[in-house]
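These are the structures in question, set out in turn.
First subunit A sits with subunit B, and in the next complex the same chain sits with subunit C.
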Partner chain A sequence: MKNQYYISAHCSISDNIVRYNNEVVFAGTENDIPGFFLSVYQHLGVKYPKFYKMDNLAKLGWLTAEVLLKDFDKAKYQPTDIGVVLTNANSSLDADKRYYDSMQEIASPALFVYTLPNIVIGEICIRHHFKGENAFYIFDRFNADFIASYVYNLLDIRQLNVCICGWVELLGDEYKAVLFLIEKDGVMPFKTENINKIYNPTQTLSEKEGF
Partner chain B sequence: MADLKEQIIEQLNLQDVKPEDIGDDQPLFGDGLGLDSIDALELIVLLQQKYKVKLSNAEDGPKIFRSVRTIAEFIESTRIPNA
Partner chain C sequence: MKKVYLVADNVYSPLGATTTQNFEHLVNGVSGVRQHDDKALSDDLFFASLFEKVYFQTDEYCTKFEHLLIASLTETLHGVDKNISDKKTVLIISSTKGNISLLETEQAGPELDERIALHSSAKKIARHFGFVNEPIIVSHACISGLVAMITGMRLIQSGQYDHAVIAGADVISKFVLSGFQSFQAVSQGLCKPFDADRDGINLGEGAATVILSADKPTGEAIELVSGAISNDANHISGPSRTGEELYYAINKAMDAAGLKPEDIDFISAHGTATVYNDEMEAKAVTLAGLQHVPLNSLKGFYGHTLGASGLIEAIVSAQSLKQNTIIPTKGFSKQGGANPVNVCSQLISTPLNRCLKIASGFGGCNAAIILTKSQQDI
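Showing the complex of A and B:
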């Protein structure tokens, strides 16, 4: 019989709202992305000074993972059992542009380190001490089929026992992150239909592609 | 040194740190202020931008960036010929 895995938790951050398992856990009133992300960070009440140094994409992924994993008992697993697979459409272009601009004077090393999207994964893994398989893929738009099949295979070949996966996208004033926690136990089966429902609860993909 | 501390905080985006939190002789790396290798590069950028000072020998880095006082002494030494 084919093994079944489950979405044991999910979290989204978009339009100044943070949702955990469909419930609004924080709503901001800020008009700018850095201000909103700072409000979410302060709302979480954690002390993690490196947060301030991250670029906006890394902050978005880090904050989404922070909420996603708030009830996750990682002590049940080995660090190498837990992996992260992320996707987006614009890679690290937001940081790339800022880095390019900084090159007019002296290029910023602190910006340079964020000119790869998989740094988002690194920030999450450093924070939570995850050491499992990880990858960051770029697609034109959210691709639930890919996430479902790729992550399923990682779990099924026992490369991982747990996977944090999803979409972390940010460019300019547009952003959206939706992360899923996939485990062997749960209620909601890990399949394309459910991934899409969570990613886009009220809209079809064609109505708002990419974001 | 107070100005230098403010510049370090701004350059390294240490938003939870105030100038008075940084001791003149407090180690900046490791168990001290906890800076990392990227911060070291940003400190080099700071010296170039604000003080027009360049590190000619990378091996001198650990000694120069040991504390705010050693950075200040390095900046001062570049202003005095043959110092």
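Showing the complex of A and C:
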């Protein structure tokens, strides 16, 4: 019989709102992205000085993972059994532009290191001590089919027992992150239709989207 | 589980436009790395492996990065009977920085953002060749090429596709060079992988393509048996202090292939020639019990070609298996460090059947794949 995996939690941050399993857990009043991210960080009440060094994409991914994993019992698993598969459309272009501006004066290594999209995965792995498979893919939109089938396979072939996956996008003043925690146990089956619904709750999308 | 074979490949580098030309140069010890004086790239003189300026210029149709990918794909697909417009064929693109150099020359704005986006390049290339499925793009720092191969392997093993055409490229711009220079990571001369006096990387331009297929080619074939990816969870710009996480990926790939340390005939290392990378790799190789296995780094020939490097080095390794020839580590002369590994400094001709290819990158990522020679059908 085909194995079934479940969305045991999900978190989204967009439009100044943080949602955990569909419930609004924080709403910001700031008009700027760094101000909003800082207010989310402060709301969480954690001390993690590295947060201040991150670029906006890494902050977004880190905050979303922080909320996503608040009730996750990682002690049930080996660090190498937990993986992170992320996607977005504009890679690290936001950090690229900031680094490019710094180049005109003195090129900044602290900015250059964020000119790779997978650094957000690195930040999440450092924070939560995840050591399993990690990969960053680029698509022009949230590709629910790819995530559902590729992550399903990673779990099914036992490369991973848990996967944090989804979309982390930020460019200029536009941003959106939606992350899913996928495990063996849960209520909501991990499939294209369900992650699409969570990604875009107001729209009904055909399962045959893409390709 | 389905077997996955390498059925066609191409390395397109300053050393040559085909895998054969490249391998000939490697056997003869010819490097693409030389000193450059180019103010458009750097105020100071620097060593890198770059294409001559007349090749691959950005024009109205394509950027330099896209021209390079198209050139490598064209060479690979020439004479291959795989039907790329087949529904069971997928295109996978690997790059770290793609079109980023356009920031330096083009007018800023939403149109430029769209043009820089890797999915725009991937779609253009898919259309150019007539791929029908949406391309998949991997951008995962310096392990992108190996992640792309592992992704392709998984998609074939799971039965979703029968063939994966995997192409990777990166070009060297002021953006990339200045970044590595800001890290003090660029060598002032030719890089010296695994050498006691190594002092940093050379950067390089290049592209490579490999076609993976569930169909076994006739005659002797190279098989991509297994692959694994791990994360250090330690530091975003420095490798693990212990090498344990790369070791984990190596071990997992070897386990999946059912191989023991004595089964591995040679290792193609990442070997960037920075102090910390090479030391970490040596630790991981030692943890895996592979410290006596001949090991090389090709960075002294190609420089670090970023998103192309994993593919270039995997293809050269496959060629090594076919030719029973291990390429020496150009730039290496003096063994150093507390973890000595068996760095090849001379060309070795010996029967070869199995190779381990490894890579690591920013973000704490590591990857390992196993390539084997499958015997001829009787």
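By definition in this document, the second predicted complex is superposed on the first by the 203 of 211 C-alpha atoms of A that agree within 3 Å, B and C clash if a C-alpha of one lies under 4 Å from a C-alpha of the other, contacts with A are read in each partner's own complex, and residues count from 1 in each chain.
Criterion: a residue touches a chain if its C-beta (ideal position, glycine included) is under 8 Å from a C-beta of that chain, and two chains touch if they have at least 3 such contacts.
Here the structure is a predicted model, which means the values were calculated and not measured.
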Touching partner for A:146 - first (subunit B), second (subunit C), both, neither: second
Contacts of A:159 with subunit B and subunit C, given as first, second, both or neither: second
Which of subunit B and subunit C A:105 touches, first, second, both or neither: first
Partner chain in contact with A:80 - subunit B first, subunit C second, else both or neither: second
Per-residue touch tally on subunit A - higher for subunit B or for subunit C: C
Partner chain in contact with A:113 - subunit B first, subunit C second, else both or neither: both
Set of subunit A residues, in rising order, touched by both subunit B and subunit C: 106, 108-109, 113
Sites on subunit A touched by subunit C in the complex: 79-80, 84, 89-91, 93, 96-97, 99-100, 103, 106-109, 112-113, 115-119, 121-123, 125-126, 128-140, 143, 146, 149-150, 153-154, 156-157, 159, 171, 210-211
Touching residues (chain side subunit C, partner subunit A) in the complex: 96-98, 100, 103-104, 108, 113, 116-120, 122-123, 133-134, 136-141, 147, 151, 154-155, 157-158, 160, 174-175, 178-183, 228-237, 245, 248, 361-365
Sites on subunit B touched by subunit A in the complex: 12-17, 34, 38-39, 41-42, 45, 48-49
Residue ranges of subunit A in contact with subunit B within the complex: 47, 49, 52-53, 105-106, 108-110, 113
